[in-house]
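Same chain, two partners: chain A is paired with chain B first, then with chain C.
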Partner chain A sequence: MSVASAVAEQVLNGLVVGMVYVLLAAGLSIIFGVMDVINFAHGELFALGAYFAFAIAGPLGGAGFWVALVVAPLLVGVVGMGIERLTVKRLYGRDPLYHILLTFGLVLIINDLITSVWGKSAQPFPVPSVLDQPVALFGFNYSLYNYGIIVFGSALALGTWLLLNRTRFGMIIRAGSEDREMVRTLGINIDRYYTLTFGFGAALAGVAGIVLGAYQNVSPTMGSSVIIPAFVIVVLGGLGSFRGAVVGGLFVGLVQTFARTYTPFLEGLIVFLLMIAVLVVKPTGLFGTSVGAGDHHDGALLHGSGGGVLSAETRAKLGYAGVGALLIVPLLAEVTGVTYSVTLLEDILIWALFALSLDLVLGYAGLVSLGHTLFYGVGAYASVLTLMHVSPSVFVALVVAVAVCAAIAWGVGYLSIRVSGVFFAMITLGFAELFYNAVFKFDFTGGSDGLFGVDAFYGLAGLGIDPGEFTVPLGPFVLDGGVVQYYFLLAVVVGSYLLARRLIRAPFGSVLQSIRESEERASFIGYDVTAYKRRAFVVSGGLAGLAGGLFAANNGYVAPSFLHWINSGEVIVMTVLGGMGTLYGPMLGAGVFVAAEDVLSSYIDQWQLVIGVLFVLFVIFVPRGLVSLPQTVADHPIFESAVGDRVGEQAGVTDPEVDRHE
Partner chain B sequence: MTDEPLLSVRGLVSGYGSTRVLQGIDLDVPRGSVVTLIGRNGVGKTTTLRSILGNVPPSEGTITFDGTDITTLSPEKTAREGIALVPEERRVFPGLTVTENVEIGRIGGRRDVEKPSVDAIVDEFENLARHRNSRGANLSGGEQQMLAIARALVSAPDLLLLDEPTEGLAPAIVKQVQRKIEELNDDGATILLVEQNVQVALDAADYVYILDKGRVVHEGPADEVAAADEVLDRYLGVSMAD
Partner chain C sequence: MRDDCSADSGAQPRPSRRRFVQAAGLAGVTGLTGVAGCLGGGGGGGSNAITYGVISPMTGPYGGLAVGQRNGAELAIRHVNENADIDVEITGVYEDTEADPSTGRRKAQSVVEQDGASYLMGAISSSVALALNEFAAEEEIIYNPGGAAVPITGSNCNEWVFRAETNTAQMAEAVSDYTAENLGTKVWFHIADYAYGESVMQRVERRMRDGHDIEVVGRSRSQLGSTNYNSYVSQIANSDAEVAVLGMTGGDLINFVKQAASQGLKESVNLMSPTMTFSVVRGALGEAAYGTYGGVRYLPTLETGDNQSFVEAYRSEYDSLPDNFARAAYMSIRMTARGIAEAGSTDPAEVKEVLPGLEMDTILGPNQFRDCDHQAMNPVWPGELVAPDGGSGPATVELGEMIAGADALPDCGELGCSL
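Let's turn to the complex of A and B:
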């Protein structure tokens, strides 16, 4: 094969992948542009399209593929409309963060449904035999199916463009994305169009899923593997821009394909590097404008704010009691033989620290860091590498972890905090993915295996405890090194909480909160809003690094999965579940989440489904988190007379209703 | 035609959250007339319009339109009854062309009336007819104002609400807007106008309500109000004498 035809084949391969991206990103972008909804579940709708088609085509035989190509996207569209009606719709007017949270819950639900119906392993989804043959064009052979994808994808993209720009439906959608209240005032029921738009976007994702499913195979992970690139494309092209989605999709498809062939090292990295580069030069993306959707984010973040019927005093007592209980657990575990509880608690403490770090930026500065696991993972790698190459001391390792993460947070913050809201979320996600993909590439990070078998010494310069050799006889029982690790961990987590609380109660914390309430007013008073946010981000990054470093040091290993975006999602879930903007709420959320995950996963297979459903219900009905439950209960008419007086003292819950009408 | 006013507002109390902006407004808009609301900033003029439309649900009082109680209707339903708004700051759709802006107005409004064609409406406005394919964002302030009026008119409304249509426009353009309001009224349109520019408000109006702190503090035929120097001075800080 000549060089020219080799390049031509790469171009075609790139266009095939690009077309799939275009369809996926177009739906994502339209849904964002019109409704301000960042739909994390889009990847699962994509997978659902592939599986529906797989289920329809199988029994029908030869013509099955064609029937599936029409029916499956319609089904996915119906699912999309159902999702919009039942869940997404309830959150309009709230901060877009809640849609991220909601759709993250939906990811868990849909994904678990897919695996419980169709199993966990990938399955072949054959291309119809008519298309499953090479054709000779321009002097070389290339699969007819792939040509088909390019032609079909182009036609669908063109059709979508015509729908948006040449039809009444499209006109109303575009007008709604610019000024929905005005559209209502004209007498048009925009809600109905929202439902249709969501369904349409979902159907496009479904088509993309079918096309890719037959190109490769169908697997339950196909959704989570495309969603991040799809977001990158939407951000790269400009949020809400259809042209951006098309150009970005094809571009990313081509770049990825060429990188895989000619610069394998950059595969997986180049897309994120490109996104970061574009956003640094042009924060709104290639074709994004500041006009439209981004301008009317008038919903407020809902904060936990206080503990409902529990007074500050009661909360402090509960806190002491909690720490006290944690102190005696290892002894009890030894006595009762339930040593597993210590492992679980260590897990909880680590996640509690991680959630605490996120709350500093999410709950107090209003910054939605979607890639917070970047710091957790980097902290873990820094800690293990230090233990391996520099010093066996856990103290040194943790100091290095915190320092490295704080430095990276400063750098990421420098590039991303000047662009607000959704862009910040996407850039942090981009950086996290960049590091995730990068650790696979290097020998010193251990590639896909990670780094194993590291022992930490709990001391400095030879003075201290080596958990491997530590034993204390205690009557008939023996306390081992695990106890040292546990108490060290507990001390660090409690210390970090007290530090964070000190910081938030200092003037620094007040300024942060004023920024969260109104950036404009804070800057009018004379505060450098960007600088404050960046400092909070640095502290937060450092604490997240500490959490990752602790986990790695305690368990003696680190792996790429520490940097996987699912962690970022889970820590956000914990933070909101507990009640953001309270510091202790997210820690509580971490405890409940990790414990629930642990218990559920040992009893039922569909535990993700259960967690997903619970989470969706929480986002919709208890957006202020677990810490607000006492208040919510107290506000209920049944209890109002009994505890009403106490509740009156606890004013200060942010009322979104008031903010919204300003 | 009956003698009943087309729009009748009684005891309207409304506001945002726990803040009451309107403290009990009574007003009537007879068919074929131009009624204006004037008053200083923040006295509740725009809130009155928003409450009539349903953007701000009233907490007390009734709003009757053409014999139908529309007090609790949503904005889309109010528009379907035949009330069209030319909003403050015009709010044309910046990414839509002039034609599209008018087209989308034509989709709204009453379903049971014959509406003028988009072209016919655009042709009525000289400066719009020249820019049919320009995007809303690229029009001048005066052109945007005309477009906002065209977008409302194309739905063939029975009642037109105009919220500060001359705000931020050059004097020559203000004249054009004034002429347009007169023309519309000559053609029999019923208009409720909110206006900061007292001169424009009094010239255009048949009947005037002066609002202060969420209440109607003075009302009367336009020529009488124009002559009531002491009232204008007290509530608006202006005098028509000079």
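Let's turn to the complex of A and C:
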């Protein structure tokens, strides 16, 4: 085979991969472009398309594939419209963060439904026999189905482009994405078009699922395996630009394919490097026009408002009571025999610290970091590597973890804080995925297994406590090493909270909050907005690194899963669940989330479904988080009419931190 | 689902080794521990009652395999309890690791501290299994890993871990000679870029070079979880390779073979993977798997030991055939239970003394956890995947010559463990 035809074959491979990406990204791009909705559930709609097709094609035999190719996307479209009507619709105008959370919940729901209907194993979904053969063209054998993907993908992309640019439907949709109110004023029922658009985007995901289901396989994890690449394509091409999705998809497909042949080391990294490079050079992506989704909507992040009902004094007392309770838990656990509660509590404290770190940037600086697990994971790796190679002291390990993470946060912040909104979320996600994929490649990080069997010493230079040896008799009880770990963890977490609170109450915090309220005005007054945000990001990264480092030191191991994007998603959920912008709210949210997942997953097989439904309800009805529950209840008409007078009095005791912008 | 308060549970919640505050006066506490345990439990309880924690990746990428693992464990516990020769009453507690080491370890802690488990079985991915290895040693409980990575009973082995699953080194023995002798000596290694893939490449290559004149014409690595393999398929097709050894499993292997078949690679290059015969792989590939080759850890059709009665019992209970993961879980618990019977004690510390090297009959024939690394000496087979009698559907496996347990398992020293 000549070099030329080998290159031609790889070009063809690149086009196939690229078309696959185009198919994946098209629906996502349209939904974002029109509605500003970041649809994490896109991957699951994609999987749903494949499963519907599998269910339809199986019984029909030979022609089944073609019937499924028409019917299954329609079904997915209907599901999509249902989702829009029931859930997404209620969140228009809110910050895209809430769409991320909502669709994150939908992912859990749809995925659990898929596995309960079709099981957890991969299912066979063969390529139709007409296309299932290699053909010799241009001097080499190539799969006919692959040629089919290129043709089909091109036709679909062209058709969608024509629909958007050459029809009345497309015109209204494009107008709606520019100015929703204006379209409505012209007497067009734009809501109906939004529903249709969401359904159309979902149907495109379904089509992709079928075409790729036959090319790959049909399994419950197919959705989660494509969602990140799909996002990368959309962001790289320019959010909301359909042309960008097409060009971006083909571009990434070709680059990735050639990198596999000529620079194999970059496999798994190249896509994210490309995305970061493009966003750094051109923050709007290749074909994007506006920076920041903020131009399209007036939605803001909704902060917790715990002070509405409870006075600051009451909350302080509750805080002391909470810490007091945490102090005596190990003792109670031993007396009652429920020692597992301490284990669970240790995990909760770690996540509470992680959520606290995110709240500093999310709740106070308004930066939606979708890659915060980068710092958690790197902190854990730094801590374990230090314990292994430098010093057995936990203190040294944690200092290293914080320092390394703060430095990385500075670097990431330097490159990404000038882009805002969704772009910032995506660029941080890109960095986190870069590190996640990188730890697989090195021996010193333990590859895919991670690093195990590290012992930590709670002291410096030989002076201190070895938890393995430690015992102190105390009346009827004996304290041992576990106690040291627990109280050290508690002290660090409480100390970090106090530090964060001090920082927020200092002038630095006031500036951050003013930036969050109005970035423009803050910069008019003369503050260097970017610098302040970056400093907050550095502090936040350091604290997240501390959380990861503590977990790794306490448990003696680290694995690549510490860097998986699902952690970033979960910590955002915790922060919003508790009530962002309050510091203690996210910590509370972490407690509720970890405990709920632990209990539910033990007793209910369909626990993901339950958690997903809870998310969706929460995002829709209690967006300000748990800490706002007293206020929400107090504001409820039924409650108000019952005890109206008393609440009216108390509402007068407002806290200066409380901010409400409806 | 857990049934930690079933009436026949006699196991006391066992205080964790990693404790926080220990009661100095035992008498003051014994009355209280019952509060946390199952009030009114202990119906059939006695000194022979134990709790087995079974923690499997029910959610996540290994969900399809975890179902088999859980079923196999359930069936083993039932059979052990019914078996009059083995005087042990086992209560099973089942949890989900979510294929995440942190969650897996917390769940392990939960079954030990909440449910009083002193025996643990489960995990599939090596990262979770390695985390549980450490955990078992800390807690001094017996653990049967469901993962196949060599380090679990190799460089990371410890005296509390007993593995009934066949490891990657044994599988390399199964396929290496067969590949070199029948499939070709010009070899391309394609692996998923993680510990399992690397270990397949190392072990198979070393074994193939041992006594055969082979030439490695190329190597490639794809990211774990990749969905597109065209580029690699083209590279292999354009080389002189006669056989491609694939160090990948699950979705990666399925996607690779499907795309390779569609591109016509099977016509010019033999495809061989140690896990090609897995029922999930054959089930998802259908026709695309015909004409490929793999190693065999287990098949329901095997006539070894009392396999056929296991298959029958499994089928009548779950209405499907057991896969390798059901087999491994079943063997793990049954073999460990025989150790408990032999020791005459349910204390893991005593059981771990008698279990190594203990000869017993299993569904894979006479077997034992080898003395020096606690790896079960399972026999292995090479196999060819062929069209089933009906002409369509999942491939059936034509077994090659069996390689006995003692021949398939490399020396402990070579695998990095000496207990």
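The rule is simple: the second predicted complex is superposed on the first by the 623 of 662 C-alpha atoms of A that agree within 3 Å, B and C clash if a C-alpha of one lies under 4 Å from a C-alpha of the other, contacts with A are read in each partner's own complex, and residues count from 1 in each chain.
Simple rule for what comes next: contacts are C-beta pairs under 8 Å (C-beta built on N, C-alpha and C of every residue); 3 or more make two chains touch, one makes a residue touch a chain.
Being a predicted model, the structure only gives us computed values, none of them experimental.
Residue contacts after overlaying the shared chain place A:168 against chain B, while chain C stays out of touching range.
By the touch criterion defined above, A:132 lies against chain C but remains apart from chain B after alignment on the C-alpha atoms of chain A.
By the touch criterion defined above, A:452 reaches chain C but does not reach chain B.
Residue contacts after overlaying the shared chain place A:142 against chain C, while chain B stays out of touching range. Residue by residue along chain A, chain B and chain C are tallied for touches, and C comes out ahead. Applying the stated contact rule after C-alpha superposition, one finds that A:389 touches neither chain B nor chain C.
For chain C in complex with chain A, the touching residues are 1-2, 13, 15-16, 18-25, 28-29, 32-37, 58-61, 63-67, 95-96, 98, 100-102, 105-107, 109-110, 113-114, 126-127, 130-131, 133-134, 149, 151, 156, 193-196, 198, 220-225, 227-228, 230-232, 234-235, 237-238, 250-251, 254-255, 258-259, 262-264, 267, 280, 283-288, 394. The touching residues of chain A, when paired with chain C in their complex, are 1, 6, 9-10, 13-14, 16-17, 20, 115, 119-124, 126-127, 132-134, 140-143, 145-146, 212, 215-222, 225-226, 257, 260-261, 264, 267-268, 330-331, 333-340, 342-344, 347, 437, 440-441, 447-450, 452-453, 473, 475-483, 486, 551, 555-557, 559-562, 598, 601-605, 607-608. Taken together, the chain A residues at the contact with chain B in this complex read 168, 171-172, 174-175, 178-179, 181-190, 291-292, 655, 657-658, 661-662. The touching residues of chain B, counted against chain A in their complex, run 16-18, 53, 55-56, 74-80, 84-85, 87, 91, 93-96, 100, 103-105, 107-109, 137, 151, 155.
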